[in-house]
Amino acid sequence: MPTPVVLDCDPGHDDAIAILLAAGSPEIDLRAITTVAANQTLDKVTSNARRICSAAGISVPIARGSAQPLVRPLYVAEDIHGESGMDGPAFGALSVGVVQEHAIDVMHAHMPATLVATGALTNVALYLRRYGPSAVREIVLMGGSTERGNTTPYAEFNIYVDPEAAQIVFTSGVPITMIGLNVTHQALVTPEILAQLNALGSLGRICGELMTFFATTYREVFGFAAPPLHDPVAVARVIDPSLVTCVEAFVGIETTGTFTRGATVVDLHGRLGREPNALVAVGLDVDRFFGLVIDAVRRLT
Amino acid sequence: MPTPVVLDCDPGHDDAIAILLAAGSPEIDLRAITTVAANQTLDKVTSNARRICSAAGISVPIARGSAQPLVRPLYVAEDIHGESGMDGPAFGALSVGVVQEHAIDVMHAHMPATLVATGALTNVALYLRRYGPSAVREIVLMGGSTERGNTTPYAEFNIYVDPEAAQIVFTSGVPITMIGLNVTHQALVTPEILAQLNALGSLGRICGELMTFFATTYREVFGFAAPPLHDPVAVARVIDPSLVTCVEAFVGIETTGTFTRGATVVDLHGRLGREPNALVAVGLDVDRFFGLVIDAVRRLT
Amino acid sequence: MPTPVVLDCDPGHDDAIAILLAAGSPEIDLRAITTVAANQTLDKVTSNARRICSAAGISVPIARGSAQPLVRPLYVAEDIHGESGMDGPAFGALSVGVVQEHAIDVMHAHMPATLVATGALTNVALYLRRYGPSAVREIVLMGGSTERGNTTPYAEFNIYVDPEAAQIVFTSGVPITMIGLNVTHQALVTPEILAQLNALGSLGRICGELMTFFATTYREVFGFAAPPLHDPVAVARVIDPSLVTCVEAFVGIETTGTFTRGATVVDLHGRLGREPNALVAVGLDVDRFFGLVIDAVRRLT
Amino acid sequence: MPTPVVLDCDPGHDDAIAILLAAGSPEIDLRAITTVAANQTLDKVTSNARRICSAAGISVPIARGSAQPLVRPLYVAEDIHGESGMDGPAFGALSVGVVQEHAIDVMHAHMPATLVATGALTNVALYLRRYGPSAVREIVLMGGSTERGNTTPYAEFNIYVDPEAAQIVFTSGVPITMIGLNVTHQALVTPEILAQLNALGSLGRICGELMTFFATTYREVFGFAAPPLHDPVAVARVIDPSLVTCVEAFVGIETTGTFTRGATVVDLHGRLGREPNALVAVGLDVDRFFGLVIDAVRRLT
């Protein structure tokens, strides 16, 4: 039986591929997509969710969530994802709308389900505070890092944007799996992978164009030879947990530092004497991961 | 026309009097009471709201809200309000129930209204993040201080319990009136006031018993000669704004200090160069204030 | 026998009067003056120490100390003390020089003595770290407040400028007496006091001109009707402890807040459960205080 | 001409080897050794400096410095370095004493020189605040990391122990070279290296015993297969800069985080928009490094 999933995201190039992976994999029953401001404003990322769903013929409910982080002002990743939040391809007419209910109410209507979160954790935190931690089975999230970050030296973007929300999630007692940069930086879209995507027809070419744009910003900003496919790794973990090696660890969310706000402090060596509160990804079967992505896009074509 | 009010509270001795003042004043149309964990747990303060409403024959909807602060663990004021959160009187059978909807949804159902908040600001912050700042007309809150605090040297209890919620409220752009300890410490229930309450029949005697208990803890913990009636001052400000003198000021909420978390940093002399974000109470007409309280209890008797 | 004193200061209008009070009081054996950047740069405050000593015929060693706070950049009080740090009077030729040794070495050479500190605590902290806490008998300092501050809503200038130094001092175990704004704001130089100073000859007129300038900035910045004579209160406490009522309390120095750095968190009601680490001034005999000041200036005339 | 060096350290197993490397290399003129509390108390690390110098016949002045960090309490690394701070070998009688002057005065007496710091930066910071940043030519320090830490997930021990001192050093304007865990974790004392040390006579065997103890704690605490020789890499950088590849970067010292105090936030990708303030080691020629160490011990034998 497929795993029921609500996907909370901020498309975003890699979020778009995460949507395709979730919708195109028989192991997942994608029940709803909810949007959160992070890579770009709420209007833009919601529009992007509709664009990729329209292009792929995905018809699950899409619901708008938080337009800003819980406590602090919004910080967007225009340098990485462009002005639209999903620059690159030309998308056609929108065939998919948004529902009227708020993201957290839509999440609740589709429970029990696994919550996969690939943006800032604002909606997830609001959901936990409004409906309580028992109202979700588990949370698998892309965010954080056991090593360096990407937005500041020690903070990854999704956590940096809303550290207080991350604090709520990581202290909630809900089973958490954290997929951080330390593994997603292994999921590089090489020219070979790009060629495979481009060979999959019009949807594959849209994926190719997304990745081509993403490759440019990752090369310019970080000097990467190929762009990393962060968010789909969280979806892949739900499809097949054996793809992603995890360890139990305490993860502290830094909400107060001068230079470190948003850091995920993963206590791999038990130095802090705290109980583990998450499964933290430390390894990825890269080939099988990309196999899942290619298969999912092919199924949707 | 009376001012429509939703009262968000954590009864609480002084919250109980605030409820009576709101329900017993013709200038206010009390539409709903919502509860929030702070003085005691959510179960206890909700039960206390039902107890005082049952005793006074108040039949507005009562809705449960947040069982814990937004980001941090709950800290209760058992040393001040006792084990029940409203120790002192013996209350009779409960004649008032709670509605099933969550506090923030009940708030929304009764808008447009003035939101009077006399507990931690968790519900108010959740409301603002779920429904947006345009979904409330104004917020009048008891909390903070322009001088010293009461829970730590510079933090007042309501703000100390949930500083991140306070940060959300004070940066929301909604018109805020802050009634802090600097004025509520003038609203002292002297023996004369106590005698007037006790003379008002059974409801007055309940008020008297509440104040007698409150007097004991305030004397023991803070050395006060008479207990201060904090929360009703916020209600009084709505009944008659001229009772409370206010100044416009920037109020920064300290969310990160070692010894000062929860301080309301009120920039009375414009030292910080920030735009005002609140009306801050600096004076109280004490006699007229207690006149309103006595009249309200008399009307409910 | 007079109390041996080293006076560490940042003249400063009120520091100047503190120097005169120390040098002109038979109860004090003023052994050295050391300077620290705070009200103005080290060069300026050292020059000001030489100016007032030259004007008053005071010939104790003057030694330069720290040109900047321990950890953070220098913040000066030009809005209060003017461009020179001691604007107002025209001073004559300098008859007093500075010694070559560093302030902390000069302090040490004159121990055992009471260290009176009326500027940022940088030199005092360096002294404690270089020579150890047993190398000073006691420290009487002007700084902090039990109530509001003057540089930010909760931070007094001397502590605000170098909170880490203050943290070192207050956790050193050395007997500390803290004279804060809550008492120094009672030491107001009224027109009557000003007239008495002006009647004391040329040195008195210099004092009068200092206070006239100080009155202007205090009126403009804080709306005070008369300027407060902060620093001399610390000297007065050494001359006659009975002038200043003190209580034992824990004083936490806020070094990490967003809006509160430099606050002295004085736990008057024992809310924090910490051991007292200072005597904190809570009352002042204003008339006898000004009597001491007038007498000292007269003696130096 | 050899480079004049003052070595400020907290021996410490790897500090001991750093002393030998400095004293046994003709490219360095080791002028003095100063000690600082960190790996163990000041008494213990000073005793350890005397032990290794006595064993190796090194007769430079040894001076005691700070017994505790600048602002916070001392935290020692007994779990890594044992009760003595240099557990393992049996040392013979002490033939070397300590001078009476304080470390910072001894540093100053031997300037101009390169300051190599391999412990907490307390002495170095005090030196900069007492004598000014122009009183040292350059500082080469072992501390920090561009990646994970060793004391907490993001903080390396030397910086963790005294972050405020590190803040002073990194903002001083003095040329700084930072040798962090990211390179010192490459300097692993493999069984082959250990065998080479043990073959060098009695001093070599002392080195071997030091490394054997160090290997045990690094295996137990961190799961390392071989122990890293942190501190000597800083000395090696002075002997031959080409051994250590460095990049210019801004390094922020985290002094205020909840989980991250003491992190060195190295902005390798220029995300923070700050001017570089240090040369940061990113690569090490491991073979040539160990060649220097072996040669130095041989020379001292």
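Order as written gives the chain letters A, B, C and D; numbering starts at 1 within each chain.
Everything below uses one rule, namely that contacts are C-beta pairs under 8 Å (C-beta built on N, C-alpha and C of every residue); 3 or more make two chains touch, one makes a residue touch a chain.
Which protein is which chain? UniProt says A, B, C, D = Pyrimidine-specific ribonucleoside hydrolase.
If you're wondering where the values come from, they're calculated on a predicted model, not measured in any experiment.
*Asks:* Moving only to chains each one touches, count the minimum steps from subunit B until you reach subunit D.
*Replies:* The distance in steps between these two chains is 2.
*Asks:* Return the chains common to the contact lists of subunit C and subunit D.
*Replies:* Both-contact set = empty.
*Asks:* Rounded to the nearest whole Å, what is the centre-to-centre distance of subunit B and subunit C, using the mean of the C-alpha atoms as each centre?
*Replies:* Here subunit B and subunit C have centroids separated by 42 Å.
*Asks:* Roughly how far is subunit A from subunit C, centre to centre by C-alpha average, rounded to an integer in Å?
*Replies:* Measuring from centre to centre gives 57 Å for this pair.
*Asks:* Find every residue in subunit D that makes contact with two or more other chains and list them.
*Replies:* 255-256
*Asks:* Give the list of subunit D residues in touch with subunit A in this complex.
*Replies:* 146-148, 151-154, 221-223, 252-261, 263, 265-269, 271-272
*Asks:* Give the list of subunit B residues in touch with subunit A in this complex.
*Replies:* 66-67, 70-71, 102, 104, 122, 126, 129-130, 132, 164, 167-168, 255-256
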